[in-house]
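Heads up, the next two complexes both have subunit A, just with different partners, subunit B and then subunit C.
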Partner chain A sequence: MDYLYILPELIIVAVALVLLVGAALSPKDRQGYMPVVATAGFLAALVAVYPALGQETNIFGRMITVDGFAQFFKVIFLIVGVLVTLSSAGYMSKQKTSGGEYYVLLMFAVTGMIFMASSTDLLAIWLGLELVSISSYILAGYRREDPKSNEAAIKYFLMGAIASAVLLFGLSLVYGYTGTTNLVDIAQIETKALAGPAVLGVAMFMLVAGFGFKVAMVPFHMWAPDAYEGAPTPVTAFFSIGPKAAGLAAMIRIFPVGLSALTSKWSLLFAIIAAVTMTVGNLTALSQKNIKRMMAYSSIAQVGYITIGLAVATAASVNAIMFYIMAYVFINAGLFSMIILLDERGIGQKIEDYAGLSQRAPVAAAAMVVFFIALIGIPFTSGFFAKFFIFAAAVQSGFMWLAIILAVNSAISVGYYYGVVKAMYLDAPKDASPVKVPRALGAVLLTGALATLALGVFSEPFIRLIGLASLLR
Partner chain B sequence: MTAAVSQIPLAYVLVFGALLFGLGLYGALLRTNAVRILMSIELMLNAVNINLVAFNQYLSPGYVNGQIFSIFIITVAASEAAVGLAIILEVVRRRNVIDIDKINLLKW
Partner chain C sequence: MMLPYAWLIAALPLLASLAVMFFGRRFKNGGDFIGIAAIAVSFVLSLLVFGQLAGGAEPYRFTFTWLNLGGVQVQNGIAVDNLTAIMLVVVTLVSMLVQIYSRGYMHGDVRYTRYYATLSFFTFSMLTLVLADNLLLLYIGWELVGLSSYLLIGHWFENPGPRYASMKAFITTRIGDVGLFIGIIILYLTTGAFGFPEVAAGVAAGKISGTLLTIAAILVFSGAVGKSAQFPLHVWLPDAMEGPTPVSALIHAATMVAAGVYLVARSYGIFAGSPTALGVVAWIGTITAVIAALIATLASDLKKVLAYSTISQLGYMMVGLGVGGYTAGVFHLTTHAFFKALLFLGSGSVIHALHTQEMHEMGGLVKKMPVTAWTFIIGTAALAGIPPFAGFWSKDEILLSAYHYNPIIFGLTVFVAFLTAYYMTRAVILTFFGKPRDHHKYEHAHESPANMTGPLVVLAILAVVAGFPGSPLMGNWFGKFIHFGEFEAEAAVPSVMAMAIGAALLGILVGYVIYGTRLVDRRKAIAATKPVYTFLKHKMYFDELYAYTVIGGTQVLATIAGWVDKNVVDGIVNAVGWLGAQIGNISGWFDLTAVDGAVNGVAAVVSGAGRRLRKWQTGYVQSYALTFFATVIIGVIIYELIGG
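Entry: the complex of A and B
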């Protein structure tokens, strides 16, 4: 039965629909059960992934692929769903607008992300992308009474819709040239004779632009800082890990696998984009005062590092991307749990608001230091191996110059991460009252910190796992 | 395929699609009124539909992949427009502006 293979997705959608009805029926002050139900839904979906593990097949007329790569990302995205739901509960209960639809949209977005990673058909990948995008537009504007949130939504929507139309035009050209939308078929046609024509080159550019927008590669990153700053903070946390990881997974399916005949063209394009994205992200982050905006540029820089893996496009580099995404999800989820807490308590979003946090919340401040160390890429954290694998893959395939830019950029990034650490440990707090970390946020913080350290010290089993799930062999 | 359709070369249809797309992209990038941008985006999506249907009809008339793709695009475009108009309406209600150049609380 095909449906058994998409049981996790079915569970999420079913729970989301139940919550949608629940949101309409229950008043605002009686919606405390919603994050609990949403978390339970995500966990049930995680359990439902288990029966399909290790199998390889195509379902629904080869629209959806069941393979290790899909399962790997399915698990990652469901974990993202759990972490973001837990981080949102306290924040959303304090909002004026009903919190119910928030979890529904989050669950729909996660479903779309799963379909993006587990499809080998351009039509299904695009549908997944739109499910993520349309949910994200609404999530960005969820604080309706806040003009900044409105502005984030309208900017994200208009730019996102243009990017989506450009992407679609590219897809239509690929379809016209190959006569199919299935990536496996496209890969086979091209190896024969179709490589090289100008039309396919134009289509490739449009695909890079469309997906590059989604994952915020420079020069398609203009929306990210505004959307990150204006959106409700839990939504920012989601944007920085969820849609990004899904976009990169879809890009791995499309470029190294589907359009492998054009490798020489897009490889160079991605190499240039990677170099520019890293540098612009890090240099702009240096001058930011708002931590959400700083994290937006930080995440742009991280995507730059990951794009090196796309440019190299070997089995080693694709595995490196998968490890990077796994590490990055835990780092950012953990880091944002504190940003959410400080925003929720009204302490603020500015870096100067973090002054003296080491006295006000010592454990949380220490955990944040771990995350910053991981983002820089210092040993004994997951971030070190993430960058090391990308670096090694680049050097092996003769992209020495990209590896050097990666190293230089990691050094630059110390500058702005240190700014926050300095504020937390060296600056005196304006108000020395302790900040109590609620249980749900504490759980996210602890999960993130433990996973970051575990991946940095005992990375062996995870590397073997990724080897099993690898798409390129 | 009727006789009239078969006499129009595929290239003409594709050039029409590309022009429509260019027109939409021009409008989407250079207009500042949010609703006009939304209309331009719809033009771009319809250009894609023309492409898909034309490729399907001329190159692989036995299959319907392209036509099904275009039906999905029409559906998604409708939901995208619904969400987009709701967001635009919210901005206009709060701030009474529709010009995206004047929506500039967030910068650097």
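Entry: the complex of A and C
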């Protein structure tokens, strides 16, 4: 039964549809159950991943692939779903707009992400991407009464549509030349046959641009800071981890696996993009005053680090990307839970609004320090191993220059992360009243911090797990 | 087999700590029963582990690859051998009794739940330290117990005293920890391992020897000096008495402060290679024992007497280890844990009743609090070394080892035995006998509730019997169980035993004559010994010395550093910061101006000059889109031209 393999997706879609009806039937002030149901749906889907673990097959006419790689990302995305839902509950209940469709859109987006990671067919990947994108456009503009949110949505939508068009054009060129949309078949075509015509180079470039837009690589990143700043903060949290991780998963399917014959061509391209993305992200983050904008540039920089893994394109580097994404999901979800809280309480989005947070919410401030330490890449946090594995993979494959740029960049990043830590610990608060952390956000914060420390202390079992799920061997 | 499940002993208190922290407030009693239940199970498990090893089971070790960094594998794991088993029983038992006792003592405290959560967390950390099979995990546990100690000393952080004391404890012990960490690194670099057996094997194989080994061993010992409050880092422990008394009993008497002694015992294989390092251990222990015992003779705060006594007795254990009496040192650690916890909890019972720690405001309490008084007296007898109480047997073994090692150390330790008996007699008489000196407080005094006296009785029984396993009466069973190298029963030397008993009895007699009778006029005695009295009353001016030298010196250095910081480093930092900001600005400016400008230029050409572009509606999004397309097109062109 093919349907058994997509049980998690079916559960999410079913729950989303139930919520859609529920949103229409229940008034705004009676929708407190929605995040609970959504969380339950994600958790049920997580359980439903179990029966398919360890299996490898193709279903639905080779449109969907069941393998370790897909299961790995399925689990990651479902965890993202849970964390974002928990982070959203308090914030969304305070919005004027009805919260109902919010969770539905979130669930659709997560479904799209799962399809992106679990398909070896270009068309299915593209469909998944569109499902994520269209849900994301609406989510970005969810605060209808807020002009900034509207601006973010429209910018994101217009740019996204263009990127999708370019991507689709690139895909059509690939199909036109190879006669198939299946990446496994494309990989079978001999190197010479593929490497010859210029048209495939053009197609490849379009794919890089299209996906580069989705994961915000420089120079396709310009929408990101605006969208991050304008979108409702829980949505920003989602953008910074969900669609990004899905885009990277699809890129691993397409480039190192599907277009492996063209490695010599896209490898250098990704190397350059990685170097530029890291540097631009970090340098621009230095001068940001708004923490959401700072985190937007920070996440651009993080994608830059991950892109090194794509450029290197060895088994080690792909594993490193997977570890990085796993670590990054928990770090950013945890970090954003506090940004959401301060935004929700009206304390602010500026870095100066974080002054004296160590006195107002000591545990939360300490957890934030853990996240920043991890983002910098200091030992005993997951961030250290994430960077270390990328670094090691780059050095092993002779990309010494990229490794050096990574090290320099991670030193630069101390500058802006430290700014927030300094505000929290050294600056006096304008208002010393304690900030109480609600239970749902506290759970996200704590899960993030514990996972960050656990991955930093016990990386070994996870590395082994990723080794099992790896696409390249 | 129980041994493979030994990790549960540490895991249960951790789970309890988390459970109490998050859900404790929902329960009527702040979740205290969760902590007590968990530690009780841990205690039973520890007993089972102990029983199996005592029954001749092979020690158990579990390791796994913790880190795999580019070919360098770092192992981590736990080990359960005889030494661990003894420590497990001691830690879980005292911890359990203290948690039960705290139900009475901390009743109604504002941060009752937090207190229990931290207490369980401490127990977890201490058990991790004990279970570690390698220096790295031990170090992690070591830091975690330090953290718990800091949190618990500062439990009443509204008051300046606890706040200051917690900082002092944390910083002072950290000085030793730095040394310990450097020592660990040296050992790793030379022997290539963190595990205790591997490091010891490396030392035995001569991978590290001579001066470097001595340095490494002394660095490891410096960690013990900080944690076990040895001279010259002993100053934090008396101040740590600002914490709740059950905490003093658990952490600052029975377990954490003994971690230093445990560390030396656990890494004895390293010390065995360097007689010099062992000599340092012995001498530091001796100096500490003498100094602390002298100061204790004049302390007027009941808990401070016990604190200095603890320092002194920890010095005793170090002497035992330093002079080659491995078994003796560990044995004294065990018995001391029981009777010193008893004395602290007894003092806590008194403080609970009188709301004062000053012995000048006590007196005559034996009538009001018989259980507290008599258990306290049993503890005193054990500490003073009166046969057949527990302390006698362990102290005697240390004296015996010292006797064979060095006459000066032996003489000083006998002197300390005399002082110990003296100051404890003084404390007992001032607290429980004579006439009440503060009638108001005396009238309100009452015996403590059963959940406080119960643990006292249990510990009192242990203070009587815990010494027998190490005595000839039971054929030196303890020595056969815990020994370094081959077991060899040391023949008892009757003269040593006689001197030990004599010193103790003399101490009690002198104490009784001065404080129990009117034969000596204390004012005259004080006047006659004014300089010595003042010197000891000021705790030998250690705090003042450190204030002037270390802290004062640091302040001078800080002033200098501040100046350098302001004028040199700040300049550099500012320059770098300015540069960074400029680059950031340029990059931002480039994004906005150059890219947008170029794009806008193109846009202007495309859409016809003269049309003013509105900011986000047309201008920005269009420019973004154009950048996007421009990049793709220019990229493809360059790519096709160069790469083909």
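Basically, the second predicted complex is superposed on the first by the 470 of 473 C-alpha atoms of A that agree within 3 Å, B and C clash if a C-alpha of one lies under 4 Å from a C-alpha of the other, contacts with A are read in each partner's own complex, and residues count from 1 in each chain.
Following the convention adopted for this analysis, a residue touches a chain if its C-beta (ideal position, glycine included) is under 8 Å from a C-beta of that chain, and two chains touch if they have at least 3 such contacts.
Bear in mind that the values here come from a model prediction, so they are computed numbers and not experimental data.
In the superposition on chain A, contact of A:Ile154 is made with both subunit B and subunit C. Touch criterion met: A:Thr180 reaches subunit B, while subunit C stays clear of it.
Legend: residue contacts after superposition of the two complexes on their common chain; A:Trp223 is shown touching subunit C, with no touch to subunit B.
Of the two partner chains placed by the overlay, only subunit B lies in contact with A:Leu123; subunit C stays clear of it. In the overlay built on the shared chain, the residue A:Phe213 is in contact with subunit C alone; subunit B does not reach it. When the two structures are aligned on the shared chain, A:Val15 is found in touch with neither subunit B nor subunit C. When both complexes are overlaid on chain A, the residue A:Leu168 reaches subunit B alone and has no touch with subunit C. Using the contact criterion defined above for the overlaid structures, shared-chain residue A:Ile254 touches neither subunit B nor subunit C, since it reaches no partner.
When the two complexes are overlaid on their common chain A, residue A:Gly201 makes contact with subunit C while staying clear of subunit B. Overlap of the subunit B and subunit C interfaces on subunit A comprises residues 151, 154-155, 158, 162, 166, 226, 287. Those residues of subunit C whose C-beta lies close enough to touch subunit A in the complex are 64-70, 577, 580-581, 583-585, 587-588, 591, 595, 616, 620-621, 624-625, 627-629, 631-632, 635-636, 639-640, 643-644. Listing the residues of subunit B that touch subunit A in their complex gives 14, 21, 24-25, 28-29, 34, 37-38, 41, 44-45, 47-48, 51-52, 54-55, 59-60, 65-66, 68-69, 72-73, 76, 79-80, 83-84, 87-88, 90-91, 94-95, 100, 103-108. Every residue of subunit A that touches subunit B in the complex is listed here, in rising order: 123, 126-127, 130, 134, 137-138, 141, 144-145, 147-148, 150-155, 157-158, 161-162, 164-166, 168-169, 171-173, 175-176, 179-181, 225-226, 229-230, 287. Here subunit A touches subunit C in the complex through residues 151, 154-155, 158-159, 162-163, 166, 198, 201-202, 205-206, 209, 213, 219-220, 222-223, 226, 265, 268-269, 280, 283-287, 388, 392, 412, 415, 458-460, 463, going by the rule given at the top.
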